[in-house]
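Right, one structure below, let's go through it.
Residue numbering begins at 1 within each chain, and the chains themselves are lettered A, B, C, D, E and F in the order written.
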Amino acid sequence: MMKVEAIIRQERLEHVKKALEERGFTGMTVCQVRGRGEEAGIELEYRGQIVKVDLLPRIKIEVFIDDEKVDEVVQAIMEAAWTGNPGDGRIFVLPVARAYRIRTRERLA
Amino acid sequence: MMKVEAIIRQERLEHVKKALEERGFTGMTVCQVRGRGEEAGIELEYRGQIVKVDLLPRIKIEVFIDDEKVDEVVQAIMEAAWTGNPGDGRIFVLPVARAYRIRTRERLA
Amino acid sequence: MMKVEAIIRQERLEHVKKALEERGFTGMTVCQVRGRGEEAGIELEYRGQIVKVDLLPRIKIEVFIDDEKVDEVVQAIMEAAWTGNPGDGRIFVLPVARAYRIRTRERLA
Amino acid sequence: MDPAATAWVLAATSLVVLMVFGVALFYGGLVRRKNVVNMIALSLAAMSVVSVEWAVMGFSLAFAPSVLGGLVGGLDYALLRGVGLEPFPGTGVPSALYVAFQLAFAAVTLAILTSPFAERASLTGFTVFALLWAIIVYQPVAHWVWGGGWLDSMVSSLTGASPLDFAGGLVVHAASGFSALAIALVIGPRRGLDGRGFPPHSIPMTLLGAGLLWFGWFGFNAGSALAADGVAGSALLSTHLAAASGALAWGLVSWLRGRPSSVGMASGALAGLVAITPAAGYVEPWASIPIGVLAAVASYYALAWRLRSGIDESLDAWAVHGVAGVAGSLITGVFASEALAGQPGLLWGGVPTIMAQLISTVVVVVYAFAASYLLAKAVEAVVGLRVREEEEYVGLDVSQHGEEAYAWTE
Amino acid sequence: MDPAATAWVLAATSLVVLMVFGVALFYGGLVRRKNVVNMIALSLAAMSVVSVEWAVMGFSLAFAPSVLGGLVGGLDYALLRGVGLEPFPGTGVPSALYVAFQLAFAAVTLAILTSPFAERASLTGFTVFALLWAIIVYQPVAHWVWGGGWLDSMVSSLTGASPLDFAGGLVVHAASGFSALAIALVIGPRRGLDGRGFPPHSIPMTLLGAGLLWFGWFGFNAGSALAADGVAGSALLSTHLAAASGALAWGLVSWLRGRPSSVGMASGALAGLVAITPAAGYVEPWASIPIGVLAAVASYYALAWRLRSGIDESLDAWAVHGVAGVAGSLITGVFASEALAGQPGLLWGGVPTIMAQLISTVVVVVYAFAASYLLAKAVEAVVGLRVREEEEYVGLDVSQHGEEAYAWTE
Amino acid sequence: MDPAATAWVLAATSLVVLMVFGVALFYGGLVRRKNVVNMIALSLAAMSVVSVEWAVMGFSLAFAPSVLGGLVGGLDYALLRGVGLEPFPGTGVPSALYVAFQLAFAAVTLAILTSPFAERASLTGFTVFALLWAIIVYQPVAHWVWGGGWLDSMVSSLTGASPLDFAGGLVVHAASGFSALAIALVIGPRRGLDGRGFPPHSIPMTLLGAGLLWFGWFGFNAGSALAADGVAGSALLSTHLAAASGALAWGLVSWLRGRPSSVGMASGALAGLVAITPAAGYVEPWASIPIGVLAAVASYYALAWRLRSGIDESLDAWAVHGVAGVAGSLITGVFASEALAGQPGLLWGGVPTIMAQLISTVVVVVYAFAASYLLAKAVEAVVGLRVREEEEYVGLDVSQHGEEAYAWTE
């Protein structure tokens, strides 16, 4: 089993969810993160005071998936999250040693 | 060393904390996530407009632990997080290459 | 490629960002977490009712980086996040199997 | 008709209606994130239901000439018959305005009463309870104390003094506070409350609610003069000073045992406001300072006891409104100024006044507690008071309203 | 000069200004987190611009003696000439206060009008539009209905009855609501709104806004009596009862189809408040209950239709203010009491009254819709109404104001 | 007794008390999440302390007949002696109400003064300072300007004109603003503020605070007429127009340099409100527009200078209240209308008026700054003003109050 970790734009979340769903991957866990990469960040101004915000809002999606389906998941996310502009994000795949489902107490991998 | 990553129901957090504590595991990092699995999600209604919420609130617990204690930690979480209803969550174990404590600058693994 | 995961104090985030930047590491993803370790936690009081808060606010930084630069990144974070008091946090390094950049669709590792 | 009185009571009525939202936010900030919408909606639902009932018959039950030996008012004003532009008898303000002013008091009382329902009540159960409570508890008690009902004449004939309740220390606060305690005993504690409390999800929301309450209370107390005169002015000053001294007193007492919490200071201010309510137009302004201090200290210890007792009267309507309402009622009997109240308080030897306060307080508290207990049992049996366990876990916002208070994405 | 009237209108004007913030928060809670600052700022900007314009000429266009055959008022009061301490003709309140009171109404109207601009309008485009709309739509319509313009005389000569609009059901609510619909057609839907709605980012903020609106509306309606008398008192009671029955009605109707949402209850209260606005001083208080119920049900179905239609009139100014404004206007013609309105409603056989309401409503709605549509097209062509696509994605708070509503770190 | 005046001042006093919560929320939104409870609690604590002190002696120091050569009032009204139902000398409102109205002004002033204490002050240190500042700065200055103290007679004899301060441009705003600057110099900057600012944790909270301030300010300025008459009406209109033009002016000036932030627009509105405060009842309404614009521009540049200077007067009480208070005071000397102020402004050749404004402004500003500086030094030495470094890092909510503003779990 592998863990696919994708950092994407917020506004692409719905697209990514749909893309995964269509390919039959419903399980996922997401959370709100802030990220910076090669992008410049933005400058905000409060009452005349400039505050540099270089960490921009992103969504992190985590999908645990069997090894043989990793490519399909990566592909689906890659397409659905793409806009072509700097800041589209990254996908990382990490090895998983073991996995369990709590409800059934079964070991999945 | 391993990383145990558990995605559980919010209302089981206190139980899991207690279960780990009783077995002597105090160190942990948690964060709020949203997840979906085999559950259906819920429908919310705002002024007549239906909004489907298929990502439900969950808590992610991360415990870094020596290899030989992984089973104990997994077992403790599994029991404390269990309700038997769909949505109880998953536990994953990931390999860790190295670990450091910042305060003492020592390498733990 | 490796994933460096550091759990640090909130108020050290700016220092860590700067330290990484100075060494040329701009890419990172951060999120708000709560953690407990060997620290005691704090007691809050609401209208006479004591609520024990043993999960204190922390920031989790994730940096994906080529294997040979892991030491440098760990070193930079370790120094910038250090205060010497209990609660300074931990750094973990996890192996990464593959990595992609969404915008260019290229495989990074 | 008294145009200046009308001008002030128009504003005062608006202020009292705002207090309903003040209570809703004060309570809403204290619950968990998953229940805040429901907490606010309970006050909104209660106000809406009681408003219509008030027009249909509530006002009449409380303020029409007595029937049934002074137990309630008759149906003379039912469906707002005879409520129009001309002054309400005995006042200088238009009848319609007087109906609205008194309606706002009933609405605030029901909002306070949402406390023991917090985070576990079914919307249906609560709404049915609220409607019946207005008819069975609020309107009779209002009639007894303010509407010329039996209590006033009974107490007067027993003690030779009238029971004093300027703006509702008994009718509004003691009645709702002790009812809340009775309801808490019936409905039972929230699930998962094992010893630990739940931290408030938004203290700023609670403090905003307290601010709106402090503001609205000027309409509540100074409006009860039903005139734009010296009594109204004096009541306003007393109201403010009692709030300030209550906040200080609670802050100081809790400072001795740890750190002064902001929610504590706000609760102290509320306790002061509650306690000055029966007294506002009957005592000289300086007396509001000891009144505020005593009320806050009494509420503080009541709350501490309530926590130790394990009774989940969740948002402390009892400790704050009930206890400070009783304290204020009794202290009114001590500090009442003959010039203002028409009868001297205990401080000037006025034993009848304190006896009148004591008797009327006991009657109201006992009736409210007992009637609410029985009513809660009855509603529990017939329609049910609580949501199912899963609904409580997932939160009432989703389960009762299909809403999430705060979106989790940007 | 009527000092008591002045005392009340001073308070009432303050209340109406607060309503602008009520609208801003009501709307602000409904949008996504990345647009809430902009949503509030639109109301603030609109109020600021129209206030200065009001002093320069707006008040005069609306309330000075007619020119151009009753299309608008002349420039007699331009630059506040002749606006001072003495009573405004026909009222008992100082001219300066009357100007402020009426200004607050214009500000609220523009705040309501921000709905179709939500989450996509350029600040420049909106501000230009708001300024021109005040001049081209609001001030003429106010003149027609309240300032002695052509509509009043035309309708009176046609039907023998005056069009009734106590506090702005037509001028404020119907006009802004139908204008909002026209604007929505021009500006187009928000990006990413594929079938699904966006969940509100903070329902408590919306409910707080509703609370401030309910509170402020007492100044709006009872203040419109321009006196501290029985009419004001009756208007206040009617206002409250219509809000309560609207909240109940919406709650019940939506309960039949699922769960009663708190935002729905608040919308029902608003619909009730809107519908009682034209009627408040002209109907007996009991009539406010059917008015509130009918308006809430009408708004509920209008909103359901709007959602199905795919028109992104984002925050439902049309369904709530437009539809309930029209409903209220017509029902005023049914329930108007001869004693209060000077002419009987349909219920008492007053056909002329309902005809007058019908004609004036149609005229105002058609004019507001058509003029707003053309104006929106014109502003779109000349300065543009929308932000660029990336700006919409990143959110208007950052792109238009350089601000983030909520800091993400502690 | 003037019943209509009393009706309005009852409402106005309530409005001014609400402003304390307006300031608390305005400031609370601007600080970091970990300090918001403390920021609100400082205002609450200050109001509570000064209220009790006001009853004990504060009112008397400010408004009783002069002692010590006009430096302060005597103790005639100490412990509220002689404060009752009858009108306060020289006014038509009950003494008790007059005491409350003036108390609310003192409370608002202290709330403004919390700015330089933001995110770093010890609760004890702040409370001690606030109490002493009320006695040493606020009450003397109020006596000089409003209570018949030495300044009034000195300036009159020097220039032949009275210093004009309708509602507290000097006493409230200039005094608190320049005191804030002095305190900032003593207490020193917040830790971690290396060049970068801290982003506000909740802009909607700040905008809500601004809304409550705008609303409450009508009571502040129009209430200061102490009558329900044309002057009150004119003051209300001027207040609104100054706020609107201030918001516009700040918005436009900042638009030239980037994007118009909502916090900037709100600050501009506040600057306009501050500047119209000394002028409200003395100038014709049209003059409020240039006054609002000038004040906002002055505040804007003052704030820019403050940021460059590195002085951490954290929430800009100086730039907004201090600078706009001074600007407003001087401009009052320019625009004062003879009919309203009893003496013509510079615009009509009234050199004495502008001289009177200049002298009184300099005196108040210098005294407030110097006395606050010394007082801050003294309190710092004796009880300490700041929390320890770790307490500042963990946040004042936890360290001073044992509370977290927002729960992190559902």
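Points worth noting:
Quick note on the criterion: a residue touches a chain if its C-beta (ideal position, glycine included) is under 8 Å from a C-beta of that chain, and two chains touch if they have at least 3 such contacts.
All values derive from a computational prediction rather than experimental measurement.
Shared contact partners of subunit B and subunit D comprise A, C, E, F. Looking at which of A-E and C-D shares more C-beta pairs in contact, the answer is the pair C-D. Computed centre separation for the pair subunit A/subunit D is 51 angstrom, with centres defined by C-alpha atoms.
In terms of their C-alpha centroids, the spacing between subunit E and subunit F amounts to 34 Å.
Each of the following residues of subunit A touches two or more other chains: 31-32, 34, 44-46, 53, 55, 57, 94-95.
Contact with two or more other chains is made by residues 3-4, 7-8, 11, 196, 198-200, 202, 208, 228, 258-259, 261, 263, 402-404, 408-410 of subunit E.
A complete topology is adopted by the chain contact network, contact being made between every pair of chains.
By the touch criterion stated above, subunit C contacts subunit A in their complex at residues 1, 3, 17, 26-31, 64, 94-103, 105, 108. On the side of subunit E, the complex with subunit A involves touching residues 192, 196, 393-394, 398, 402-404, 408. Of all residues in subunit A, those touching subunit E in their complex are 11, 14, 34, 42-46, 53, 55, 57.
Every residue of subunit C that touches subunit D in the complex is listed here, in rising order: 44-53. Residues of subunit C touching subunit B in their complex: 2, 6-8, 31-38, 54-55, 58, 60, 70, 74, 77-78, 81-95.
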